[in-house]
Amino acid sequence: MGLFAVFGAALSGLKSMTVGLKVTGTNFFKPQETVHYPRQEVDTLSTFRGHIELVCTDENKLAPRCVGCGLCAELCPSNCIRVDTREPSPAACDTARHPVPTPLIAVPKFRTTPPDLAPVAREVTGYHLTYHTCSLCGLCVQNCPAGAIRFSSNVYFAGMSRGAFEIDLIARLRVQADKRGREQ
Amino acid sequence: MSVLTSRLRLALPPNTSGQDIALAASSQDVPSVAGRLLRKGWFLEDICGLDMAEGLALLYHFARWDRPTRVVLRVLLPHGGPECPTIEHIYPGASWLERETSDFFGIAFTGASNTTPLLLAEKLDPPPLSRKPGHRMSTHRLWPLAQWVGGANGNPLAEDLVGDPGVEAPAPKDRP
Amino acid sequence: MNFIPAANPCSGLEGDFYAQRFALEAHEDSLILNMGPQHPSTHGVLRVILEMDGEYILRCEPVLGYIHRMHEAMGQNRAYVQYFANMGRVDYLHALAWNWAWAGAVERLAGIEVPARAQFIRVICTELNRINSHLLWWGAYLLDLGAVTPIMYAFEDRERIMDILQEPTGSRLTYSSFRFGGVVADISSDFVRRARALIARMPERLAMYHELVTGNAILRGRLEDVGVVDQAMARRYGATGPVLRGSGVAYDVRRAEPYGVYDQFDFAIPVQDAGDSMARYQVRMDEIETSLAIIGQALDGLPEGHFMNPDAPRGKWTPPVGESYFAVEGARGKIGIYLASDGSDTPYRVKLRSPSLSNLSLFPELAKGTLLSDAVAILGSLDLVIPEIDR
Amino acid sequence: MTLESIPDELIRLAVALVALMAFIAANGIMLLYVERKVAGHVQRRPGPFEVGPHGLFQALADAGKLVGKQLSTPAGADPLLFWIAPLMAFMPVPLMFIAVPFGQNLWGLETNLGIVLILSFAGFNVLALCLAGWASNNKWSLLGAARAVAQAVAYEIPLLLSVLAVALMTGSLDLRVIVAHQGGWPWQWNVAVQPLAFFIYFVCSVAETNRAPFDLPEAESELTAGVHTEYSGMGNGIIFLAEYANMLVVSCVATVLFLGGFNGPILPGPWWFLAKMYLLVTLIIFMRWTYPRVRFDQLLNLSWRWLTPLALANLLLTAFFAKLWGGA
């Protein structure tokens, strides 16, 4: 390499350094991209998955749509859902008020295991979510035959103990119904 | 036809398997087959252990840069004291894959320069991916077509693999 | 359980088992250095034992397994569809490629059709995810090289991409949104609009990146002729992805073994011949443009229809007995999944071929005789995701 | 002994040293804040924002935190050397400032060997880093120390040569004379006559202060934190303070030698001096947030193959022209 080439390379190298300073310099005067979190919040979290919650029936804000088939608990990869059910007593079995929903998904040709949808919906006595093991994969939501589960928008959920993440979703449904009732 | 070629058995797995040719070899032939595949421009994708009823199967998957083909080399090792010669002197990248398989299935790769566990902290007994004897699947069930053996049968890929043995691979270096 | 034998030939040496074994072959007057498992530039919990002569590396050996989670055993113990949650966590930077590999392996085995719209959605989302992965690599790599600012610029764009991807997937990092026969959610017109806005924005940003970094004389000095991989070496080690393409081999699974609808798109495979770290850098930067081109074509040709095959299996189900191998092009190279099914509702065997493992196995040979700073540059140029290596 | 028997010089020196200590401490804290703010804005985020208005007291809070932290000595370290190193890094810094003329009659010590004084005390820094790295009993620190020494040796030479060019031109080692030799407008400054010497001085001073892109002894992504690795609390704090103070010193010297010192129109001298100094400091800060780090052999090559020969050539030319025009 000739002397001129060497010096030329050095000069173009120096030029690349000033170009770099120019880029950071222009960015210095551009507006900020971040938000000041506790005072401001980003507005893009509407589709972000919070923990799951139960959906109420159209008629009764306190009753979950859940039919107690237990498919969600069975499909959960982390075993973080527990559904407690009770066979309905004949007297309480008011199918007009609490009908068996038609499965939202067509029964595919590959299916071998559930849902053995109970002819009469079982009565759900408890629906517990152990959120700290949940991986938010969405299998429960997508496979629920009754459309009874959805993701909440509770994305800033934080707690001081492990117990704070063991959620009774039926109780949560009641609280939500209460709140909505008070707002109206 | 070289001695090695006469010992190889070929099978055509179904289309759904994503594998074009299956070679069945005995464990002592693995380095020479690997050497031949390297000379023909194949690279090693992975080494997969499989606990079958008849023994521990080792699947070496090979692929090419220029053609969308995949060859699987199947080796069946006995359950008691499974051993297979290493191919790390041919494909150095195999060393880690062998160590991993050794971790998971307890297969000893003879002649390997490094036999320390790769992913697990210590040798587990039984190895974590081995199955209980009653839960093993038969090779005849998984590879029903593996019984078809013989020459190339007009298959161009098989012709390429079986014919032209090239220079035999060097024997693995003896290590103390 | 006790792995170290009682009569330990290494006893009397410092460190744990791996360090002792490594030290057995040490030269006199050399320095044994543990880089990792906690080190700023090993990106997680990779540990490399180095034998150094001053700043020069005489020998090195990566020690893996610090974040080993036994994904393959988990695969044998859970239903087919449950394994998607694992796929989001093998390579957290290009989770959708692993999603696709798993979906593809099972679909190939069971012969499940995927509707055209679902295929296009998969392409769009996977390519967006690939851009995201390359952007993060770019920022983190420059962090390794001592430039602190680029990663923040990369995150500006990453945030936008994550906002876009969040709509059809619901997550921002560990996506598990593919299902057998389709994807979990359709994309909206808003998604299309935002993706187009991204395609319009990125060329300007890439030009800024190149101005700030690629042309920089210091960076070129750091990367050129450092860690040269030739083709024979790449073949022997099974290197794939940008590492291989940086060595002049135009091997891309999207083109070599087209899966999904990749055969319908017109895109160039970026290749560099030098084989050094700069070539790998350049390949990844060009791949961002390639991905943008593919997304543009996919958005243009997005067909109407189902995003999910109505006949596809849901919940726990049983595929036929058999085996299948499915390969996809991840951001780091060829991802392969071997699946053997025995006709029960859990897989008989799942083998994950992770590209990072093969690429990292090049490192001991590449690092030999280089400076410590070069080793950092080489390690970064291989684009490692440690959870993918350890699985 | 009466008050009158104490020499005026001594009183002046003592007052100057106290004032300079305050100046350094205040500047150290302020520069920490400025650096983080600049980094933030360059990266399009706010930087420190929570403590005080716009995070103004963040650096103070950090200093308080550092003071409150436990000082731990690593196992196997040499405690004496280990703890003497940060002190040794900081001690010479106020001494370097005493010869700097901040304004008309605003200096700590009247000496006609100001440059020599500054350059000789500047050498202490590398000794401190070397001790810190050695005494830490940590392999990363040791590597950092080795780098620090090699770097300092390599860059001191072109630095001296470029300073010498100015001294030859002016014919004096007295900083006040050098300032007086220049005028208030940029074309009257030495940088207009000696651009190459200024460039070499600037590059070398960045390298001498171990700032990015020459921060190899620290090299966060390679050596974890290099010589700082084992220091906790105020040990770390003092080394950092010394680093910032060194950055100030080299900017002061550059201002005096090349940018006309306190000369300037309209405003009083010290304002001009500070303005020029902070301009250089800001430039150094900007460079840190822009460039990748150089490699060790490149660093040495830059010094031995580019800067030293160029500085020598520059010195030769300067000597030639100084002789031609009769010197100063």
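The first chain written gets the first letter, and so on, giving A, B, C and D; residue counts start at 1 in each chain.
Rule of thumb we're sticking to: a residue touches a chain if its C-beta (ideal position, glycine included) is under 8 Å from a C-beta of that chain, and two chains touch if they have at least 3 such contacts.
Since the structure is predicted, the reported quantities are computational estimates derived from the model, not experimental observations.
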Between C-D and A-C, the pair joined by more C-beta contacts: A-C
Label of the chain whose CA centroid is most distant from the centroid of chain C: D
Chain closest to the assembly centre - both centres taken as Cα means: C
Between chain C and chain D, centroid-to-centroid distance (C-alpha), Å: 44
Approximate Å spacing (C-alpha centroids) for the pair chain B, chain D: 63
Centroid spacing, where centroids are CA-atom means, of chain A and chain C in whole angstrom: 26
Chain A: positions in contact with at least two other chains: 17, 20, 23-24, 27, 33
Of all residues in chain C, the ones touching two or more other chains: 149, 153, 156, 212-213, 216, 218
Contacts with two or more other chains, residues of chain D listed in rising order: 42-45, 289-291
Pairs of chains satisfying the touch condition: A-C, A-D, B-C, C-D
Chain D contact footprint on chain C (complex, rising order): 31, 33, 39-41, 54-55, 142-149, 152-153, 156, 212-213, 216, 218-219, 221-222, 371-374, 376
Footprint of chain C on chain B - complex, ascending: 13-14, 16-19, 38, 41, 43-46, 48-51, 59, 61, 63, 65, 67-68, 70, 72, 90-93, 95-97, 104, 116-124, 128-129, 137, 141-143
In the complex, chain D residues that touch chain C: 39, 42-45, 139-140, 143, 146-147, 212-213, 215, 219-224, 288-298
Chain D-touching residues of chain A, taken from the complex the two chains share: 10, 17, 20-21, 23-25, 27-34, 36
Chain C residues within the chain B interface of the complex: 1-3, 17-18, 21, 64-65, 68, 70, 72-73, 76, 105, 108-109, 111, 234-239, 244, 249, 251, 256-258, 321-327, 334, 336, 338, 340, 342, 348-349, 351, 353, 357-358, 361-362, 365, 390-391
